[in-house]
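Below, chain A partners chain B and then partners chain C, in two separate complexes.
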Partner chain A sequence: MVTSASAVAVAAAEQTGRRRRPRRSAATRRDWLVGYTMVAPQVLGALAFVVAPLVAVFWYSLHEWNVLANTFTFAGADNYERMLADPGLRDSLVASLWFSVGLVALNISLALVLAVLLNQKLPGTTTFRTFFFSPVVVSLVAWTIVWSFLLQADGGINGFLATVGIDGPNWLRGEATAMLSVIVVQVFKNVGLNMILFLAALQAVPVEIQEAARIDGASAWRRFRSMTLPLISPTILLVSILTIVGSLEVFAQIAVLTGGGPGNSTTVLVYYLYQQAFRFNDFGYASSISVLLFVIVLVLTLVQWQTRKRWVFHEV
Partner chain B sequence: MSLHTPRRSPVLVTGAAAVLSLSLAACGTGSDTPAGEPETPDDPVELRMTVWTADETQLAQFQEIADAYVEANPELVSGVTFETVPFEDYTTSLTTQLAGGNAPDLGWILESYAPEFVSSGALVDLAPTLQATEEYAYDDLLDSSLALWGEDDALFAYPFSNSPFAVFVNTDQVAAAGAADPAELVASGEWTYDEARDVATAAAAESGGQGLVVRDFEYQVWENLSTVWEGWGAAPWSEDGTQCTFTDPEMVEALTWIHDATFVDGAMPGPGTTADFFAGDAAMTITQISRASSLDGSFAWDVVPLPAGPAGQQNVIGQAGIGVFANADTPQIAADFLAWFTNPENAETLAAYFPPPRESLLTSATLAAANPLLSEEQLQAVVVEGVQGAVTKPAHQNFARLQDTVRAELDALWTADADVEAVLGDVCGAIDPLLAD
Partner chain C sequence: MKSDVMSAPTPAPRQDGVRAGAAGGRRPDRQVDARARADSSARLRRRWGRAGLVALLVVLSIPFVFPTWWMVTSSLKPMSEILRSVPTLWPQDPSFAAYGEVFDLQPFAQQYWNSLYVAVLVTAGTILVSALAGYAFARIRFPGANALFVLVLVGLLVPSEVTIVPLFRMVNSLGLIDTHWPLVVIPIFGAPSVLATFIMRQFFLGLPGELEEAGRMDGLGRWGIFWRIAFPLARPAIAAVAIFTFLKSWNLYLEPIVYLSSRENFTLPQALTQYVDAYGGPMWNVQLAATTLTVLPVLAVFLVAQRQFVQGLAHSGLKG
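Up next, the complex of A and B:
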């Protein structure tokens, strides 16, 4: 409406032969005011809750800050130098890498398989969809606590395995099984969301193209690989970014299931950061780890975004 | 991490304290703090104390004592709130509050973290206030109880709870297994860890449950094992906290005993196995006497002192202190309230749950009046004698990092084929740099 009013005003000015510039500026100012008023809450919110904390964390990372000792002294790049020589940080990066690789591979492949299955016209798909999506809306901590009971040495999983003659491992006490357990718990928590995203993308693939390919003699696998996958590649990009970023932020599952153990095998980067800040009261060093995490997430997202043209259909 | 203003520097805090004429300084050792009555504020203040108990009876008792203080000092305090923070995350939550500029006025402090809090400057010196309080009887406080919480003549937290560790026994399960009665073994002077292990093994085999549970250890809180290794005369580090002693022969023998009791004899639950003595899951448990309130009469029980190890019998107590935070709005008033909360009369009331550090109150008669569940004989043997000459659980100025590092290294010990000496060598390798800090 504002735009229409401006146009009418400009036309009227032309008709009367008056100079257009002042009246258009007034309209532009009005548009400017309305536009910025509309985005102000979002901009202010982002400034207060995203930009300001980012700046503050970077500022804190340049300081030695012990809340218990009540010290806050400028340390320059000391915290960053310390990161280079910190074996605990190195171990936590390795643990994060394993967790992310395992989670992304399992989550995306399982979500895609489930979505393809649900895209068939078969009875019971609604129940199946509800079954896999319901964990998404369950409280993360409640979900993890239930799994912590199931994964105990004498818990439900091993109880079930015993009924079929298998002596199950002590899932949360072995280094490999503990990491695997955390990954699987997280996959089942969130696979439903990715499944729904993939399903929506699959249902948007034009039927005509599939039929044309079928008439041309393309096999089901060839149609999926050469037509469906490229057509849903924008969704694959979105899901990849969300899952990778989410995998780097895992915390509650580690805190509840393993506490970072056994050893330090499941001490991922965010859990290590938490330990430094809230257990060891070393907020300056923890802030520098936060900056590192921010850079890692930023770089990964930028790399995915920049490489999208090579494999995302609509970006080609 | 949320955005907030960094905490004031010690210099700024000191300056502000001077401007406001607060007599309790907010940093340093605080030993120059003058004693006396707190200055009357413009408006009565609201005090907040963080605690880890959620027991409604205990909280009601605290509130009753606090309400009496408010009634006696309406110009100082309008109310006192006791804020429960779950034990598992207590210290973390407390430091988070400090980091957020939301320091409580008073707070409970776990003994393992006592050196860190005491040396940090986060707490004010209570000694001048307590000593200046009429009828407080400061000299009645046991020096051994105060040792962890003081520095020179300063006292940075009052050890309100001095609860000895003891062995609770499910006598129904022990009798059903035909095992020796621990009380009789105590009477005959044969109550040793080896005997306790044999009783536990027999009872577990008979009941199908667990034998001896070191409560709250759960293969994470390794410092609770000190209740056992003290019988071997072992310690995790030297008295001055600079040398790792996990590889000393006493510690190797003690942890070998625990390892074998778990993986060879089946006397103790293995990793990942949950067992609650008070729910009837185990025949015996090593825990603090204050847990007696969890007994519901569903089985016959007894309580006996900690067994003797090769180095003899050593009592161990778990302490909790109450400190006043330097960054609280009115630390002087908070200290005055603490003097009321822990005076001889209120300490006797609190003795129902928390054995006080007062020599005059540590008698079986006084404690029996407050603990109807326990007989005078049990209280004499376990509490009164248990506090005398007792040691506390491991504590260190760098405890949080040490706790986490030792936990991670000891994880390798909790498998059936572990090489105990090699693992303990790794523990020392990992914590040596922390002890040297």
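Up next, the complex of A and C:
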């Protein structure tokens, strides 16, 4: 919603500026100077710490570069060819895909359930909202450490399961349960954020329509499915894409909970990138993985902006 | 829900339920006596339904609240109790011994200070940089503003993991590895502050032009208008930026483990993972004590300023 409007505003500003150019005064030019000075720290910072590194990472990805051996030779598309043939990279893409799909599915559905429940004007709603949101402000590593403690083979969860006679698995060491554990820990950490966004969307649904359907005898479920859900679907779509983009950047959770294991079943793309760069010192190959990550995020973000533009009238 | 409608296919029971729950419904004035009994049984059912929903909320709260409870209580237990097969919800003999060990095993106070001062510097710097840039992009018309803004926006597209290799090289060649410089300077001027600039710009776009006009009448220049009028008015946007910037810096993990190598320079998230015994096994009670010390202050501030936190973080969630 913001980007398209702002682009228009800036373009408009640009045009007025152009029209005025012939009779600009000293005062106008002084104003320009103030403008340039004010944006300078951010613009120069973006150049130095975003644009330049981005260009550099493309450049590095075309090189054979081992930090320890201190070699830096041009290698053309070698790193990219290696990516195509690398089973480790393929596994990490699969792991990332599982993680993203699982996270989005669980996160969005739980966020929706929580938002709908909190929208019922039940007693204690404010307290529950605080509960659900609180993990968002807890340090990610701290949250993950506590869950790691809970998910140990002899940890709290299995302890409580044992008291009701269930023999719990070793959550973080089993192929099947490790990824699920990472996903669940991440869902509880951040679902409160999406819940708030959905709650805002639900509260924007006009009461009159609900009332009319209610008087026509539509059940609560029917009203939700046929009216509320379509009305908040743009929000659901946007939140889903934001959650996918965020899910691609998962790192600390993997590092603390599973270290990428068992095997490499939870070695997601970013973790693989980190291993290549800072464990194997293969900066050239790590750079080509960075480029891949950037392209994926770029495509997803463009999709998000596109959908946002299309749904824009729904957002008012 | 469906059975509700099946048994009484009129809107009446629902209206009643609304009254019972004080949901601000609109109850029609006319009452139909014949329905009174159906009404009261439906009301009862409705009340039970609402009690069921509250019970559901209580159950759903467990995975959100219990970890914090478990963290605090376990930090007060000795290792022997932690490793017991039957978990205890409250320590049998609460002891703060683990909290002492937190400081013995690592320079934890120093690490705490590192995280704190880095986060404060990043927050202050980001507010300044983003307010200046946001104001100029919103209120000053200068040639090239559009192009420069697009250039800055690239920062929203680039996850920090993508640029970590070149940034590491840059920091390394400047001889700043194992210092806090990269953790302070890069967030203030680089990608993390772009979102802040974006939010500031949105805020300043909505500021009424009359206020600036009034300032100009009073003889203020651009800088005067910014410092005396626009910046003080931007308090809500500043609060949002401050909250998500501080938390982001406080929680940073990838960058510290890439840039820092000596213990006395570590930040908290990095330090928390270091509490292991001689065999590499985690010392849970000590680790959880350190974690408690990290988490509780932030949670306390959150409880006090909840509204600002929710708004500020919702902003950061809606980036782009």
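Note that the second predicted complex is superposed on the first by the 252 of 316 C-alpha atoms of A that agree within 3 Å, B and C clash if a C-alpha of one lies under 4 Å from a C-alpha of the other, contacts with A are read in each partner's own complex, and residues count from 1 in each chain.
Assume contacts are C-beta pairs under 8 Å (C-beta built on N, C-alpha and C of every residue); 3 or more make two chains touch, one makes a residue touch a chain.
Owing to the predicted nature of the structure, the values given are computational and were not obtained by experimental measurement.
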Counting residues of chain A touched by each of chain B and chain C, the higher count belongs to C
According to the stated criteria, A:Ala56 is in contact with first (chain B), second (chain C), both, or neither; which is it?
both
- Task: Classify the contacts of A:Asp154 with the two partner chains as first (chain B alone), second (chain C alone), both, or neither.
- Result: both
**OP:** Check whether A:Asn281 is in contact with chain B, with chain C, with both or with neither, and answer first, second, both or neither.
**Re:** first
Does the superposition put A:Val141 against chain B (first), chain C (second), both, or neither? second
Fill in: Contacts of A:Ser290 with chain B and chain C, given as first, second, both or neither
both
Would you check which partner chain A:Phe74 touches, where first means chain B only, second means chain C only, and both and neither mean what they say? neither
Task: Please indicate which partner A:Arg214 is in contact with in the superposed arrangement: first for chain B, second for chain C, both, or neither.
output: second
Going through chain A, the residues touched by chain B and also by chain C turn out to be 48, 52-53, 56-57, 60, 154, 277-278, 283, 286-287, 290
Per the touch rule, the chain A residues reaching chain B in their complex are 48, 52-53, 56-57, 60, 63, 65-72, 152-155, 170-173, 259-264, 275, 277-281, 283, 286-287, 290
In their shared complex, chain A is touched by residues of chain C numbered 1-2, 4-5, 9-11, 14, 21-24, 26, 50, 53-54, 56-57, 60-61, 63-65, 67-68, 70-71, 74, 83, 85-87, 129-130, 132-133, 135-137, 140-143, 145-146, 148-149, 151-170, 186, 188-191, 193-194, 197-198, 201-202, 205, 221-223, 226, 247, 250-251, 253-254, 257-258, 268-270, 272-273, 282, 284, 287-288, 291, 294-295, 298-299, 302-303, 306, 309-310, 313-314, 317-320
The chain A residues in contact with chain C across the complex are 2-3, 6-7, 9-11, 13-14, 16-17, 31-32, 34-36, 38-39, 41-54, 56-57, 60, 113-114, 117-118, 120-124, 128, 130-143, 145-147, 149-150, 154, 156, 159-160, 162-163, 188, 192-194, 196-197, 200, 211, 214-215, 217, 219-221, 242, 245, 248-249, 251-252, 255-256, 270, 273-274, 277-278, 283, 286-287, 290-291, 293-294, 297-298, 301, 304-305
Per the touch rule above, chain B residues touching chain A in the complex are 1-3, 6-10, 13, 27, 91-92, 95-96, 98-99, 116-117, 120-122, 219-220, 270-274, 326-327, 400-401, 404, 407-409, 411-412, 414
